[in-house]
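Presented sequentially are two complexes of subunit A, the first with subunit B as partner and the second with subunit C.
And now, the complex of A and B:
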């Protein structure tokens, strides 16, 4: 059905220079407005002619949405800051290497130059049945084409499926959850609310047509990283089909503070690619607290992590993959090198 | 306002997906408008009721009847309240997300649907074997009662037939809700094949797109109809002059006076006997 055509359907393009102007446009066009960040997800939708917005609001000309700033004992990163800028920022590199690893694992250098942190966490799912424009649950219909006896569903969910089995494709999302990041959202009425990263993402049970809590008119303006997890022992790993450029099959991100005796004092752990939203594994975090970060703890925790997994026809491999990634996040492995 | 929602299948053919959710709001509005209109009408209604003296005389003549008369057995009441709980759960889980209250509703919804289905099956068996099956249905024999009720509503003194165990409105409501409930249950059971449950292997290709579309539309139409019907039911249940009926669904009995005042002893014969246990 979906045939990529270079000419996009006609829409009004707006390039506001302030958040207030952007929100005025979003209010004016309501559900007919499309928020454009780096454009890497958006242009697929528009060129496929699956999404036909009345107006596109390009945020790239709003200075206050860009840049990395100190905030208290942590950092505030503008939602329109590119992934390359995040990766190259000295404080991120020094104190939040987990986010660096995750951002650097996203796509290719060219895409990281254009893609933004806000866009990366807010992008839509890559389920090809959905992106082909078929009338699935997520598109407002009443069927999941990816969860049938004949579906090709190698990349789909093993946890948290509720009619829809699509997964969240963001690389930075699990890292932000592990860092206990806060998402700053400006509502259509101008009010600001701050939600924890783990609450920013919604599953299909709660809202099958959205990936995040953003409603029409809402803007993600910044992501705040608290100081609480700065400099912790981090682990990020993304497993994908093509090492050079691909979405994650499964990814894991963790931040761990280990005491003098070698016991885990506290930990935050999140996985992505296994459910429609990145999952924080709180039960695992509770289990490992006070235990040594060794093979035995990792094995018990990893088995707990996959409890309740329901693989589809072609994605049972994700169960041992997720188990092993969680195990590696807890006991550690030799450092993996990524280079821009 | 739309009535049906259409999509296009992978072969680019138009397919029905479900009803337009505008119909939910329409049914909600109709239900609320009905009770406002009816409540307003009842303020000025000249509905003819039995004189107290008339009921006194009947009560004196039927002193052989027990002071409390069983109207609903414990089993029948348990069925009613289980079904009511299931129905409210179904309506809330179906329509709150449409109204903007987002939560994980699917498992709650089909679980309540199974409870409703089980309670309906039980009710059919129970009513067929242990109750007076035909007492709740309407037919041509009820036309004189309909005429008498209409005339009483218009303020006339009509000695005509009074209801048996169930008032005419009660029986008409039962008929409509049976149709809506059977529609929603039959379509809902089939739709469970489309979601993950412990009972079926999910298979959305069990039927053709057209059959599925019809199933979803039937489920939606019956569901939105139930919104209005349940509003009407709750409204009548809490009306002061109907409270004695509602109370009987809680405690199981009515008084001898209520029996004689509202019912036709020839159509609902109660034998003299011991008073029911409270």
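And now, the complex of A and C:
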């Protein structure tokens, strides 16, 4: 679509300094309210005039949503902490390098300087039919424009599609699932609930208009990393067309603990870019337990990972791509041929 | 006075002309007038710290920093390329951190220290070391992307003053050059890093 360079249409702007004030504003404006974190997802919607909120609630002025703090034997990261702040944090670098690699792979330096961890996991899908404002299932209509014989669907889903074939674009999401992160949500009624990262994301079968369990008025306030997977053997790889800006075609994140005998004691593994939500591959995790982290195990596990894949017209390449990334996550690689 | 595109744009700014319909821009402010007491509500008249100067400016709620800099403050050195956070031409520093000014609401950086390409040279006209290196190496071809690249490099060098060529390439990877002049740009910015180290020791 033509790119519009005029200023965005007007909206009322609020910059509350507490979560309570932010939620009061969300209540007041209801469906006309828009939550703004880093803004990199939001501004595309607003500039393209696809979404026309009445009031934008900017969370950047709420101190309790920012920063990385120790919590028990793990970490708690405020949802409004930027990806750069996550990447530079000493404990993240030392004990949670998986999250470091994933956050560092997102977008571009300037975007990481502004984009937040909470925003990265809560961002909307990038299916361009949907982003261009087509009235598809996800937008409340009754057709998927990406799943017709003529659709350009090279970047779309191979697993778990249900009417909608969009994929989740987040780089940090699979890493947080592999680390067994917990998402702290302040509900609209003021109560707090904690959801496992793998349950934070929803597919179209559950709610076709949302990417996460957040309901209107809910805010993600923090992400907790438990100590259980700190310092494990990590693997993250994101395959994309360009090494900057682009979202993943397929990405994989894993945490593995290998016993003294060389056998895999436990493993958590997640992929993204293949379904409407990042997928934890529990069947693969179960299969590899007790086996050596070698080529044979990787081959069997990778074949299991792609079981049931249903490619669309232009995205069949994602099946071997996902298989090979899962394989690499299990057996490791000498060195990748490019540096990002 | 000779007529140039730059002077024309500045003239338009000085004349107070707004190229877009006022009714469209101010949609939100009419019916909501009187709700300014709500927690977190925002005043349009703000004070910005730009290039070390305090500037009072009337900023729309939906206005991006690039719009404010170019069309309210006349700082047209900051370029607008894609207006979608995908090219880097609008890069400025906010509290020493490179940001895409096309994708920052001006109101979210009210308290920040904003530095644009115009703010790099010293008051006596002496260029910033990175600017001088770009001149010496003739690093750019058409140079539309130059201000963004220089600001991204200056910001990156504040976090890593002695980068390898690969590290600097990674640091400025959020900027595009349609002339495909990357090798020379990188050479000139590496020289800029060298000049900068020399000037601060």
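Assume the second predicted complex is superposed on the first by the 328 of 340 C-alpha atoms of A that agree within 3 Å, B and C clash if a C-alpha of one lies under 4 Å from a C-alpha of the other, contacts with A are read in each partner's own complex, and residues count from 1 in each chain.
Note that in this section contacts are C-beta pairs under 8 Å (C-beta built on N, C-alpha and C of every residue); 3 or more make two chains touch, one makes a residue touch a chain.
Fair warning: this is a prediction, and the values are worked out from it, not measured in the lab.
Looking at the shared chain after the overlay, A:163 reaches subunit B, while subunit C stays out of its contact range. In the superposed pair of complexes, A:126 makes contact with neither subunit B nor subunit C. Of the two partner chains placed by the overlay, only subunit B lies in contact with A:149; subunit C stays clear of it. With both structures placed on the common chain, the touch criterion links A:328 to neither subunit B nor subunit C.
Note on subunit A: of its two partners subunit C and subunit B, the one contacting more of its residues is C. By the touch criterion stated above, A:313 is placed in contact with neither subunit B nor subunit C.
Shared-chain residue A:49: touches no atom of subunit B or subunit C.
Once chain A of one complex is fitted onto chain A of the other, the partner contacts of A:203 are limited to subunit B, with no touch recorded for subunit C. Touch criterion met: A:141 reaches subunit B, while subunit C stays clear of it. On subunit A, the positions that touch subunit C within their shared complex are 3, 5-18, 21-22, 24-25, 28, 36, 39-40, 43-44, 46-47, 54, 56-58, 60-61, 84, 107-111, 113-114, 243-245, 339.
If you check the complex, the residues on subunit A that touch subunit B are 1, 132, 134-135, 139-145, 147-150, 161-163, 202-203, 205-207, 310.
Residues of subunit C that touch subunit A in their complex: 20, 24-29, 32, 35, 38-42, 60-64, 67, 80, 82-86, 88, 91, 97-100, 103-105, 107-108, 152, 156, 166, 170-174. Considering their complex, residues 5, 7-10, 12, 15, 17-18, 102-107, 194-196, 201-205, 212, 216 of subunit B touch subunit A.
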